[in-house]
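The structure's right below; bear with me while I get my questions together.
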Amino acid sequence: MSSAVSFARMVRVLALAIPCLLPLLSGCDLDSYPAELTYPLRSDPIVTSPPGSTRWDTTAPGQLDMHIAHLSDPEVGGKTLDPAKLPAKERGELERALNEIFGTPATPKVFLKDADDEVKSRIQDLKLDDKTLAHGSIVYRRHCMHCHGVTGDGRGPTGPWINPTPRDYRQGLFKFMSTAVEVNNRKPRREDLRRTLEHGIEGTSMPSFSLLEEAEKEALVSYVIHLSLRGECERYTMEPILDGSGLEGSVREKVVELLGDFLHAWANSNAKGIEPGAYPYKEGDLQASIRRGFQLFTDPRGSASCINCHVDFGRQAPFRYDKWGTLVRPANLTAGVYRGGRRPIDIYWRIRGGIDPSQMPRADFGDQAAHKEQWRNNADPYWDLVNFVQALPYPQMLPEDVRDSIYGRRHEKTEHAQR
Amino acid sequence: MTQVVYERPQEHMGMPLPTPKVAMWLFLVTEIMFFTALIGTYIVLRHGTPAQSPFKWPAPHQVHLIEWIGALNTFVLICSSFTVVLAHHAAVKADMKKATSYVAITLALGGVFLGIKAYEYNSKFQHDILPGHIGESLPYPAKGGGDNDLKAIEREKHEHATGMQYFHRVQLQLEAIKKSSIDAEIQKECNALLDAMTATTAAEGQAVAFHRPPSPAEVGERVNEILEKAEKKGVTLHLTPAIPFGNLWASCYFAMTGFHALHVLGGVVVFAIILLMAVIGRLGPQHSTMLELVGLYWHFVDIVWIFLFPLLYLV
Amino acid sequence: MSVSHSHSAEAHAHHELSFLRKYIFSEDHKIIGIQFLFSGLIFFLIGGTLALLVRLQVGFPKGINLPWFPISWGGRMSPDFYAMVFSMHATIMIFFVIIPLLTGAFGNFTIPLMIGARDMAFPKLNMMSYWFMWPAFAVILSSFFVEGGAGASGWTSYPLLASATMPAGEGFHSPASPHSGIGQICWLVALLFVGVSSMMGSINYMTTIINLRAPGMTMFRMPMTVWAMFITAILQSMALPVLTVALILQLLDKTINTTFFLPPGGMAFGNWHTGPGGGQTLLWQHLFWFYSHPAVYIMILPAMGMVSDIISTFARKHLFGYKPMVLAIAGIAGLGFIVWGHHMFQSGMDPRLGTGFMIATIMIALPSAVKTFNWLGTIWGANIQYTTAMLNALAFVAMFVIGGLSGIFMAATPVDVYFHDTYFIVAHIHYVLFMSSIFGIFGGIYYWFPKMFGRLMNEKWGKVHFVLTFLFSNCTFFPMHIIGIAGHPRRYYDSTLYRFLDNVQPLNQFMTISAFLLALAQIIFLVNFFWSLFRGAKAGANPWHSNTLEWTAPSPPPHGNFVQTPIVRRGPYEYGNPDMEEDYLPQAEPQPSGIPAPAH
Amino acid sequence: MQQKGWGIFFGVVLLAAFLSIAVGPLVGWWLPANVSSFGPDVDYLYYVILGFTTFFFLLTEVLLVWAMYRFAGRPGNKSQYVEGHHRLEMLWTVVPGGILLYIAIAQISAWERIKYQAKMPDPDLVMQVTARQWDWTMRYADTPLPENHRRWAEIPNFDDIYLPDELHCWKGANVRIYLKTNDVLHSLFLPQLRLKQDALPGKTIPVWFNATDANTRFNASTGNCEWTDKNKEWEIACAELCGGGHYRMRGLLYVHETKDDYLNWLKHAQKAARSRQPEKKATPVAAKD
Amino acid sequence: MTETGHPTTHDAAHDLRVKAYFTVFIALSIFTLVSFIANEAVRQGWIDLYTSVTIIIAVAVIKAILVGLIFMHLNFDWGKVYFIIVPIFILGVMMMMVLMPDTVIAWQPSQNPLEPPVSTTGTR
């Protein structure tokens, strides 16, 4: 009952407990990735060609991998390759090569021992220096990793449960780009990644990161490019081994070769954006422009023929497979939700450049001289389409007849099935 | 029991009620709260829907609810309440034969109630009036222009999105109807609707002649017309009707009547056990309290139905 | 109606039951109480581990690189995992620890003993009420391993985070909580089972207390523990059905596409399969808090009752103001039903309702204050014996004052605008539920341990455990008030994103370290508990010289409790009577000659 | 004597707790700066309650600790035999009751002022805030106060400007926010403005505030808003669990000095939102040193 | 075991009881018919909706009271169980009443869109 004894014991227990606890907690508050962590080699199937069919329902959350595994079923009609079938020797070589060139999550790099000046300058242009990447990896781990995953595979712990699924950078495919259409193997420019980062993607779970510091955003962009390069090299080294066509040289040579190609593509893309024509209209021309845009949009055989995919202006568009093997649908343009940004220039870029990975073709009206009837009255059909798409969700902006044919005539009893 | 538990019965401290009866009343208290919460939910949800405008709570005929069947069910339950009280009465008078027969009648009436309920449910299944199955989108009422239009369009944008599920279901149903052979006129109308829904705009080939496919709301309206016609002709048509707030109605209806039916089922099981006891000769006058308790429960179930019937069928 | 009698007579006849009947499928209220005690303590360990994970993340949000830490992605807990951890921590602590321990363990053990009954009114029902917990145990534990993980919508599981299941397509995204799928369904099912179990228990308690009291045990001679259990049972029986309905409705929303809680008009989360919906999101909050506010009292009233008895016993003094205490408990229970809206002041509920709820809520502090003053009155002029049980009970009083007073901030609507959903509320709930209820439970365990197992717990180690627990729990939870005042919102995975929270992050780390020390201190309790179970000093029938009826039975009491049904002659708090040599006078003791019988 | 130690132990722990709150304001562990017009009401009521609760905290805990110290048991001693005290009971029922009633009634007018829609002042600036998983989308009209602003809040407008996570207003403006959510429940929390309101799916909830201090200077040449004071970085948080990213719904509150400043910013934002040419901005410095 | 619930055990009293049961049964049947007719009457346009709703609800309440009093023996047991039943009714009614204001101001598509949208919280 004596409390003196208990106090003494208490002190003793405390003295024992605190040193015991400190090592337990010492690993906490880790800014960067654990040093011993390496990028794991790809294990999920590679979608080499997505199925062409359409569907009415989307994939249930959490079922992404199951869904992709089923793509190669004959009735679905896609083609996939399984990285698990990679022979042990190649696997080891690939792992070593990738780790040597791209480093680990804690110390990411794009490092080529015997790089020529051109490659070095490309790395410099794309800001893939070690310091930026290390900073990017810290920021990425904190803000992005739980959805996009350590390797940028879009399979972080939360990733599979989000619909639309987070972007898988490892294919080197991106949707929203302002890269000039002439560029081969279009990659997004740094500004495009910045835009996505700052504005988020409306209508998905990608939030805006506009409040990050300037340097953090830049570092993130670099790190995303790094992950994308690593993933693409990995994928296109695996692909010939898996589909049986085989490699010409060693695995490492292949990786280095691919890296050179991709760096080239990224640097080229970064250098050249779409230059939109000057906006040709004054305030008062808007209604006429919207009407022209409507006609271009709905003309099923025109150069744009948007209505063929954006059925009923996207309201009744079925799902299709994109190049990642996930289901997406042509946007519902009446909803006023613009994933790639809602500025006119953003919409212009998408119409002009298309969205390659989800197989949205680019509109091509050629130049003014060659296509007289599309460019009549000095009107710019691209801007007509932009104006129409921008006004589409706002019925008050549309000319009366256009509005009636989009939203129906509401003054009298609606007639349908009377075609 | 008062006289045996304690050495000094005069000092019994409890209520002058048998313990099981106290427990039964306490159990009924929890049951009251259970159904109060259910009914409260129903009233709140129903009250939350607008009274004027086409978007009001569905009328019984819209959801194929026949009032007289509900009234009949009420009568069946009242009868069973009456017989169960007579059974208890007979048991008190130690007339176990009479009690047994009343219990048997009650059991039968409970069975009848459940049978009628099953019939009603079946008609809901037939008409596809199930949670998650009902098309709810109808065009917004056209009144004047201007602002009215804008509100209507804003609303339609939302409903168009969610209504596509309905659109596709109707499409599948219409395809099935196309393959079947029913009344020629109805089938023609169905096919016309299907054509309108599936025709692509590309077929015309003219830039100006753009035709909008019907929206889910318009499909719903058309489906309702076809269903009405079919009903008049006596044709059964497996098409999902468009009923504003139908889903909420179905949710409430099935939740409330479902839980009531489960309670009835529970009572029926107990009556069956009592009957079994009577058959093997285990039922005696000592079970009169048990009969009273079962009766209490049964009357409570009756009272719940007395409220559910007007709330769901009439008001 | 003759069940209880014939049963107890029968049980008397056959003392030798098989192990299975005696300890596993026992119908004896004492064994059932001990079963509840053990399962509650096991879940206390699980819930505590989850709490440590929560603290680890909040204290060191940048990441964890611990070799012993099983789940980390890139050295970091994922935000969804964190959400799952704190949701399950609260769920387990509330529904699987505190409620089963207080009403299940102590309610079962004490009620028949304290009112002089042989057993519960319905022993079989009692057994069922324990075994209905097992599906709940199984479901809640298995939910950690289902696809997507256990529920992660907070213990309140507000729709739509909890109930939305599928994306609407159309440019809207899916519910980004992986756990609102099967995990959430498991959560609902487990709580349904817990509810049914509690409902069975509460009907049993009420019937027992109403009808099976020993001769002479009038309502106003019942010990406070029994009163508290009685009123708790009333609260449960009235409030639980509403929760049951809410759970069922959400379950239907998630499984068969009903739309009770889905908003109207094709919102983004209007379920792809249900169309525009039309339900009401707020309805869940109303139904849930209609249960869960009384549930807060369910989680504290029994502890209050137990503490009253413990304090009176070890203060060797008559409980100060017995009837006001009873009235205060009843008042808390009555008011408890009309204050649920104070959880919803900022929820978008009509603010006019807020005014009404605020007045009712603030007034509920009154009976709590009355109780506190009465406890103080009880130890005033007492002859306090500082046993571990008494220390825990006094800690209850000291901590309940803090928990009660901090509640007033949240009850006041304008102040709640700021404090709602900040760490201040976390501090409040932990002061009420951990610092009060758990100290009450510890007190109860130390106090009734000799009656339960016939052996005394080690007092010395009990005190060490108490000192460490008291110290570290204050270190863990008191700073939460401070970071709450600074505006730290609760359920934040990483507060270092916010500049206005920068200067409270050190406190977060301090709390985390304290929490780990607090957890370590509980090892002392566990060791003491199991050591005493087998090696503790033998206790006599009445080691504390207490007055209530359970101490007239042998320790541990046999099946049937009393050798002879006691006849109650006075209230339970006859301590320190100056006319007597002994300072206590048990309830069933014949009146000593020369001492006037009390008036009541 | 050893028995008396327990009173001291309790006393020390409780005193430490009390002191940790008491030193809070000195070391910055306190309410954030208050810049709301109704904020002083909230703070005043907070201090009223704090005063009463501190008094009762000290009263009860001191009594408890004193009693624990003074009445620690000694063998052979006996306690006083008291069953209760009617007048004392009345006293400690009526006095706290009165105080509590006063506290309750004192709240009502402030509550009405903050939340009742009928009592909200006519707005000078209207915006619509849509919460989603996991950021805030602020929608500004092309003028501070569009005609029929309630309708404007319901029906999107072609001219609207959408900005993620940035709330702009000017000092002294009565700001009306129409709060919506795209998905689950969220809660708009502005600590410095003492403002919090849940967003309910399917509902549009009006909230208002009036900032009494400015923190922003708009730099027309860079197009950036700069803090006037480093400590005045006011933030927006989400206070209702909304999934995994609940913690990251951070926004910033920019309060401009005058309406003109705000309009300047708005013009700039409009230009950016309607940009028809790619930005010709030199890319900023890359890595942080 | 005796019938503790009802103190009278005479046969005559029992017969009276049966008569009471029967009367209640008839009354319940008639009331059911009344509510059915009241509902039909609205359709035929004889009475307006509110009258019929009032009648129907009143009838339901009377029926419940009859069943409770006679069939459930509350006329005998009321004195022993009122303390269980009364609070539950207060609570149930109160819960519904408090839920009400929230639904009145719940979201609904405004009937006349020219008016400002239906208020969502607070007074208008």
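The first chain written gets the first letter, and so on, giving A, B, C, D and E; residue counts start at 1 in each chain.
Keep this in mind: contacts are C-beta pairs under 8 Å (C-beta built on N, C-alpha and C of every residue); 3 or more make two chains touch, one makes a residue touch a chain.
Note that the structure is predicted; figures quoted are calculated from it, not measured.
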item	value
Chain pair, most C-beta pairs within the contact cut-off	C-D
Furthest chain, CA centroid comparison against subunit A	E
Centre distance in Å when subunit B and subunit E are each reduced to the mean of their C-alpha atoms	19
Where subunit C and subunit D are represented by their mean Cα positions, the distance between them in whole Å	31
Euclidean distance of C-alpha centroids - subunit A vs subunit D, Å	37
CA centroid of subunit A to CA centroid of subunit C, Å	49
Where subunit B touches two or more other chains, by residue	1, 15, 17-18, 21-22, 26, 29, 32-33, 36-37, 44-45, 48-49, 140, 147-148, 150-152, 155, 160-161, 164, 286, 289
Interface hub residues of subunit D, defined as touching at least two other chains	3, 6, 9, 115-117, 132-134, 151, 154, 156, 200, 202-203, 205, 244-245, 248, 250
Contacts with 2+ other chains: residues of subunit E	1, 88, 91, 95, 99, 102-103, 106-109, 120-123
Touching residues on subunit B, where the partner in the complex is subunit A	139-140, 142, 145, 148-150, 152-153, 156-157, 160-161, 164, 167-168, 192-193, 195-197, 199-202, 204-205, 207-208, 210-215, 218-219, 221-222
Of all residues in subunit A, those that touch subunit D in their complex	1-4, 7, 127, 129, 131-132, 135, 143, 146, 158, 178, 190-191, 198-200, 202, 205, 207-208, 210-211, 213-216, 218-219, 222, 273-276, 279, 336, 342-345, 348, 383, 390-391, 393-394, 396-397
Contact set on subunit A toward subunit B in their complex	56, 295, 298-302, 307-308, 311-312, 315-316, 332, 334-335, 393, 395-396, 405-408, 410-414, 416-419
Interfacial residue positions of subunit C with respect to subunit A in the complex	56, 59-69, 73-76, 78-81, 147-148, 166-167, 169-178, 181, 386, 459-460, 463-464, 467-468, 494, 512-513, 516-517, 520-521, 524
Touching residues (chain side subunit C, partner subunit D) in the complex	78-80, 82-83, 152-154, 158, 160-161, 164, 172-173, 175-178, 263-265, 267-269, 277, 281-282, 315-318, 320-324, 346-348, 351-352, 354-355, 358-359, 362-363, 365-366, 369-370, 372-374, 376-377, 379-386, 391, 394-395, 397-398, 401-402, 405-406, 408-409, 412-415, 417-418, 420-422, 467, 470-471, 474, 478-479, 481-483, 485-487, 489, 491-495, 497-500, 503-504, 507, 573, 575-578, 583
